[in-house]
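Lettered A, B, C, D and E in written order, each chain numbered from 1.
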Amino acid sequence: MPAQETTPIVPREGWHVLHLFHHVDHAQWSLYSDEEKRQAKTRLTGLIQEIRSTLDTHLLAFSIVSPKADLGFMLLTPDLQVANAFEKQLALSLGPGVLNPAYSYLSMTESSEYTTTRAQYTEETLVGEKGMKPGTDAFEAALKEFDDRMAHYLQHRLYPVLPDWPVICFYPMSKRRSGADNWYSLDYDTRRKLMAGHARTGRTYSGRILQLITGSTGLDEYEWGVTLLAKDTIDIKSIVYEMRFDEVSARFGEFGDFYIGIQLPLDALFRRIGL
Amino acid sequence: MPAQETTPIVPREGWHVLHLFHHVDHAQWSLYSDEEKRQAKTRLTGLIQEIRSTLDTHLLAFSIVSPKADLGFMLLTPDLQVANAFEKQLALSLGPGVLNPAYSYLSMTESSEYTTTRAQYTEETLVGEKGMKPGTDAFEAALKEFDDRMAHYLQHRLYPVLPDWPVICFYPMSKRRSGADNWYSLDYDTRRKLMAGHARTGRTYSGRILQLITGSTGLDEYEWGVTLLAKDTIDIKSIVYEMRFDEVSARFGEFGDFYIGIQLPLDALFRRIGL
Amino acid sequence: MPAQETTPIVPREGWHVLHLFHHVDHAQWSLYSDEEKRQAKTRLTGLIQEIRSTLDTHLLAFSIVSPKADLGFMLLTPDLQVANAFEKQLALSLGPGVLNPAYSYLSMTESSEYTTTRAQYTEETLVGEKGMKPGTDAFEAALKEFDDRMAHYLQHRLYPVLPDWPVICFYPMSKRRSGADNWYSLDYDTRRKLMAGHARTGRTYSGRILQLITGSTGLDEYEWGVTLLAKDTIDIKSIVYEMRFDEVSARFGEFGDFYIGIQLPLDALFRRIGL
Amino acid sequence: MPAQETTPIVPREGWHVLHLFHHVDHAQWSLYSDEEKRQAKTRLTGLIQEIRSTLDTHLLAFSIVSPKADLGFMLLTPDLQVANAFEKQLALSLGPGVLNPAYSYLSMTESSEYTTTRAQYTEETLVGEKGMKPGTDAFEAALKEFDDRMAHYLQHRLYPVLPDWPVICFYPMSKRRSGADNWYSLDYDTRRKLMAGHARTGRTYSGRILQLITGSTGLDEYEWGVTLLAKDTIDIKSIVYEMRFDEVSARFGEFGDFYIGIQLPLDALFRRIGL
Amino acid sequence: MPAQETTPIVPREGWHVLHLFHHVDHAQWSLYSDEEKRQAKTRLTGLIQEIRSTLDTHLLAFSIVSPKADLGFMLLTPDLQVANAFEKQLALSLGPGVLNPAYSYLSMTESSEYTTTRAQYTEETLVGEKGMKPGTDAFEAALKEFDDRMAHYLQHRLYPVLPDWPVICFYPMSKRRSGADNWYSLDYDTRRKLMAGHARTGRTYSGRILQLITGSTGLDEYEWGVTLLAKDTIDIKSIVYEMRFDEVSARFGEFGDFYIGIQLPLDALFRRIGL
């Protein structure tokens, strides 16, 4: 346990998330003997195993496409102490100066404030749309089904288990606050409606895109981090392009840079980035 | 096959495209003996041959004009695994620390969403403009001619074969989303009309400029990459300048930096950049 | 006393504040023998003790989360000579080239210009709201209670004693001056009302968030520095997110980057950042 | 001939222009023996002579004022192959790693699209203003004088010979495209009128400022490069300041950074920058 | 005389001003023996003496607060050749690679275009406000007093002698040109009135703040450089904060980064920055 000596910093709900994109300094790496290189890779492999065997802790490892970076990690873990300890150990795992930060991002898993509540679902859908009567068996069954779906959704948002789909995309984003396009001046209902349109677009990519939104207001330079997993690069491009026409993105989205990686087994990953 | 061990990531349509602009670190290079330099150049030459002999894979190599960078590559290939493997190998081909990334760009070939459809051509041009009657021989011949032209156009957009014209220009661009100038808030017909004006300007440069637009929304920091090939630098300058007056650029274009390169045979390229 | 030879530069009121975020250059550090490393850490430990035993001088030391930086300090001290001397000594304490600046910020503690005055409290609250009569015992007692509270508040703003809560967040900010959203064109009463709403949001986090606003107009690139201390990262994220909906942030806030650190005892801190 | 092996890339009209601003890495330079330093300076001197003796090719060499850079070159030459070859050779001339790019700019000489045409001059000036009659001797003489002046002007714009005035200023600029201030949405006549006011300001500096505007749309990050030569720094400051009040600059000018250099003989230049 | 071999470049009026902020590379410095360090400091001390004994030439030397930089200089001198020669010598004075530029700024002293003229003073103040009659003794005396005051003011603006107050602040600024807030589209009288309000704020800091405005349009990235000298940091913060509410700053001011330094005797300065 890398942070055993310190008091855990575990949030009331959700996990801490770190996206870590590193350059490999091959000039530094080439100073090592073959034996030292083998040891360094064994050290990183062991560290990754330790991380992955830590309770409620997940680590994705991937090769970054384009020279923006070489080696990428996505770390999810409850305790900020653990996140910090593992992050520093990962950076040093191949020896001093071999991995150098290209970009990184700190965020936390969070539930959406725009999800439909039990009351909204009852009024808008069960009673309003389907004409059901509260108290009937059908009504109760539908409500139960709704509760299960929302619990599952919430579990995925707060404590996600990410699939091993090969293509990973990360980008940070904020909501715009400029002149007439000021997201934070809109009332809740307007924001909820705008977000609902966005969610509809997202659902059409079900099975092709796994999307995880994590919050970073107060933690890093943008307000959210977006992680997309896919099997085909074209689905990444399509969903982000299509969503840009949703009013919520068209008028209010501010995007940082986009990073594309490929999840690989460790040995293939080492070969890919020339280690 | 450099990525044989991994599952291919081949998009439903189109190719992955990487623009790679590197600095040569001559201080690092000067540490090599003449023999080591010869070997390094042979290694890069061999790698380029391997890339160019890979199925459906193309590589342009060029000297960059101005100290923004020295050595440029444009790589087109279907499989993201192959793109990633070749990109990392190119960066290391002259030895660790010799090539250092100055800028890079990841995009994908794509068909335009604003091309004329069969139905539009029939209604607007054949019937509307030329007064032809559906079903007649002339009508069917004209439709056949249209189909052939569009198939050829689509083939070039998705699976381009680029000429060896010496001057290459690359720049990334996005469509603006600010205040009254918000491209993504326009309806499809308005966007189609604006793009048509742009295309007309482009066609007047036929034979002098080869233009390839590739999509990068969700993949890199802008939404498209533009690659221009020409025989005379002045045609690059003229087409980009002239297009800036098209409403679609004037009001909606946001441009990144521009890179100018010269396609050269490898031995001339090595001499040009001092290797 | 590190700046004994120079004339002190002590402001009429308040302290100088320096936020210092450093990278550790592990390649440089790895050149040291174990003995040299031990000596370097002893030197830094001794310097920190010297700083903390200097009159009216406080130093927080923390590990930075994410590779944005490794080692963070927050230094509060009256004399600019002392601040400057300690800051340069901290940067050199582990040996030349080991600590490298990632970001830093110079500000001063200051009282708020928007706090309620005695006259405002009398008119708005005691007489206006509670219907008290000046001169009565109850009135005088309430006024005394107000005076005590304000004196305590002012003391905390100008000469803060910060708790050892583990999570520290720093970010710089300015008030916007663009088009219709120009903070500095508003009259005093409008600004005071907007700030009062902000303060109300802040008070709901009492006991969970300790907030210190320091002024930097004319001193550094933004107009204020904000330091937040918390026990749970989620409270940092919540308060900054919630405040973003206050009109004063939504329309007028411009934010720099956010830095998250963890206050640690020195030995745990050294281990955390791989020293 | 440095680019003899390659096919020339010579534009239909005008020259290629490269502004090259380099830092001197004195730590790298100090590793050389006195003899090696002498040889390096001889090599650069010889290269400069070769460049200056190349047909239609000009090179200005100058010391940069302020640590933004140390050594500056401005290269004008028809063939892009030659420009590229000389630029790479200049960067390497003092040995690997000694000169490092601080900033550079690629543009082309071009005629202005807003110069008065023969027809405009006849109608607006000769007939309209001076009341001359076409066909008369005075009219023909005036027209001849106009033709000569314009031919001389065009020659200077496309194939300039720059004086050896000591102060050189370079900055890149673009025309703004934002909201109501969108240069590229104005019609030609409006733009011509705005540019005419600008030209009038320029003419009042005749004999004190030599101005060369070169085009870079599609070639580099701004749309034009501006080179000013002067004998007194104050004239640089005055003309740029005064022009900022012209509507064409006030509303439509976007400026990059400004570089000030001093043209010096090579031996004085070497001493100035510590070689 | 460092620039004796070249033709002086002395402006018709005013001096050249260079602000130079350097990092000390302590890893490089630590490679020197104690004797080499002593010699380097002696060399820099001698150079500073030479500069300060040059006609009409002034040099302030200061420690920079915060790791933005370590060693700062402000150089005022008539001849651009001398400015350039001294600036390059200062950068090299401690040996190659020891001082590295963090930021620098080139400007010129200048008189304000918004000062009250003799005619304005006569009309607005002597006749308009005080009801004096031209030609009377009192009138002539008042005019003489005005002339003396303006001459003294002009002398300070063009040929300033700066006090040795310990706190020095530098920042660059421009006047905004965006949408409705376009300084350069205002007529002269409006600008003069706006500047007069600004000057009134400034005068309330007389004796506490010495302010020098120098012009840099066409010379560096902003349009003016502002140098403030003070005895108490709080006066720097107060004047800049207070002026931000003047319409001329609120609507039209664009500010670069702010640098705070402390003027110190050379031996104290060396110790402060760890030399």
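A few notes on this one:
We take it that contacts are C-beta pairs under 8 Å (C-beta built on N, C-alpha and C of every residue); 3 or more make two chains touch, one makes a residue touch a chain.
Quick caveat, the model's predicted, so the values are computed rather than measured.
Graph distance from chain B to chain C, where chains that touch are one step apart, equals 2. Common neighbours of chain C and chain E (chains touching each): not present. The two sequence copies chain D and chain E touch through a face in which the numbers common to both fall below half of the numbers used overall.
Between chain A and chain C, the superposing rotation on Cα atoms measures out at 70°, rounded to the nearest 5. Distance between chain B and chain E, defined via averaged C-alpha coordinates, is recorded as 49 Å.
With each centre defined as the average position of its C-alpha atoms, the distance from chain B to chain D rounds to 30 Å.
Touching of two or more other chains is recorded for residues 178-179 of chain A. Interchain contacts close the chains into one ring where each touches exactly two others, per the touch definition above. Moving round the ring of chains, first from chain A across to chain C, one meets them in the order A, C, E, D, B. Across the complex, chain A meets chain C through its residues 3, 5-7, 9-14, 16, 18, 20, 22, 28, 80-81, 83-85, 87-89, 91-92, 95-97, 101, 104-106, 108, 110, 177-179, 182, 184-185, 215-221, 223.
Looking at the complex, you find that chain A touches chain B at residues 25-27, 29-30, 63, 65-68, 70, 166-167, 169, 171, 178-181, 228, 231-234, 236-237, 239-241, 244-245, 247, 249-251, 253, 257-258, 260, 262, 264, 268, 271-274.
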